[in-house]
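Each chain carries a letter (A, B, C and D) given by its place in the written order, and its residues are counted from 1.
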Amino acid sequence: MENTHKAKKVFVQGPISPDFVARSIASHQSKTGIGAHAIFLGQIRADQKDGGAVTGIEYTAYEEMAEQTFHEIREAAFSKFELSCMHIYHSLGLVPTGEISLFVFVSSPHRRAAFEALEYLVEEIKANVPIFGKEIMGEGGHVWKENS
Amino acid sequence: MENTHKAKKVFVQGPISPDFVARSIASHQSKTGIGAHAIFLGQIRADQKDGGAVTGIEYTAYEEMAEQTFHEIREAAFSKFELSCMHIYHSLGLVPTGEISLFVFVSSPHRRAAFEALEYLVEEIKANVPIFGKEIMGEGGHVWKENS
Amino acid sequence: MSFHVKYYGMLAEIAGMSDEVWNADASLTVGKFRSQILERYPAMRDKKFKIAVNQKIAEDFVPIETPAEIALLPPFAGG
Amino acid sequence: MSFHVKYYGMLAEIAGMSDEVWNADASLTVGKFRSQILERYPAMRDKKFKIAVNQKIAEDFVPIETPAEIALLPPFAGG
């Protein structure tokens, strides 16, 4: 378990690539106390709206408050679950349909903690981090996304 | 949602690489009904045993029965959860410490189905698929692994 | 007194700007500030939003004391 | 009658082989077969294992009818 949890940079510009996910996984292979990784990836759907199919989401955030909230969520997860590692990345700017905007990655000696932490983190992020999403339609319109 | 679920090859020789995981993710970016991917990776721990630290696990399986059991587990998951895609890969042969032996990958329009299916699949695989693991110690000894 | 107000998402669209300086009487609460906002931007009346004071979501009874950074936050959409 | 028996994991170590042909009287059940196995390989007595008949885990009352593929399965370790 990490003893100090540095405030890490969460936001990245544009989509999160599968290669970035692969490099994150590979960087944990030297941590031989880890037995289970659990990963969540949020991908942009081509939902049908009044203005046509969604072609992407433009993300903005109240960045200072969001980074602070991410930090608090991380600290809470480290205290609730037996975790070896935890990484969260979220896109800002335009993420086209089919691409990834959220990458949550937890590692633990055992699977149960990894499952529970993954769900906890995703739910907390969706409910409490001030991130805003403008769903762009092909015809030029947009609607503001709202998490349920 | 897939209508026919082909019996897919689950077993791979040796460790599952992070690049393989990345290619699997990338191949889903054209499926624009997907909103959530959930991934589980089992990684080999360097547990301390009487004979020293584990340096790897040698996997064998009753392959015909295992493939059939994987197929039944997949079908059950497709009927229980609203899934767009599901992939399971498991290693045979030697997987060194720090490397990945199990890769479970589910995709859904919405996160809840992805979380639930991921846990379901991992628990079913660990409990019901006839796979055997010989934990190899540095000094040359071994112990047989048993899932809890 | 005066303080800084930030608008996000659809609220920035309605305000037509992403931030401005707000001038008000002393002894303002979050609730009173909300009323002033809705008066200046009537189109915000049918929008859900939370108000953060110095990066913390604040209930209506919370007093606003300068210096303060106030943010109007529409529904969250992370993920 | 005779049928094929497969050993896996630690049971293959104890048997010293991964499979063999088993000769038995007719009207054998899984439970009777288990007794025969433990008689031939006493070191298996303190091992947990399940018996699969034609790739299905079978309870002791299940009859074995040829042709049959019998497998001795030690605790599972996938993952």
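Criterion: a residue touches a chain if its C-beta (ideal position, glycine included) is under 8 Å from a C-beta of that chain, and two chains touch if they have at least 3 such contacts.
For clarity, every value in this text was computed on a predicted model and none was experimentally measured.
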Touching chain A and also chain D, the following chains: B
Chain located farthest away, centre of chain A as origin (C-alpha): D
Chain centre separation (chain A, chain C; CA means) in Å: 27
Chain C and chain D, separation of their C-alpha mean positions in angstrom: 73
Distance between the centres, which are taken as Cα means, of chain C and chain B, whole angstrom: 49
Residue numbers of chain D (touch at least two other chains): 79
In chain A, residues with contacts to at least two other chains: 42, 111, 122
Every chain pair meeting the contact rule: A-B, A-C, B-D
Residues on chain A engaged by chain B in the complex (per definition of touch): 18-19, 21-23, 25-26, 28-46, 97-100, 107, 109, 111, 114-115, 118-119, 122
Complex contacts: residues of chain C adjacent to chain A: 6, 8-10, 52, 55, 71, 73-79
Interface residues, chain B side, partner chain D - complex: 42, 57, 59-62, 64-65, 68, 90, 101-102, 122, 125-134, 144-147
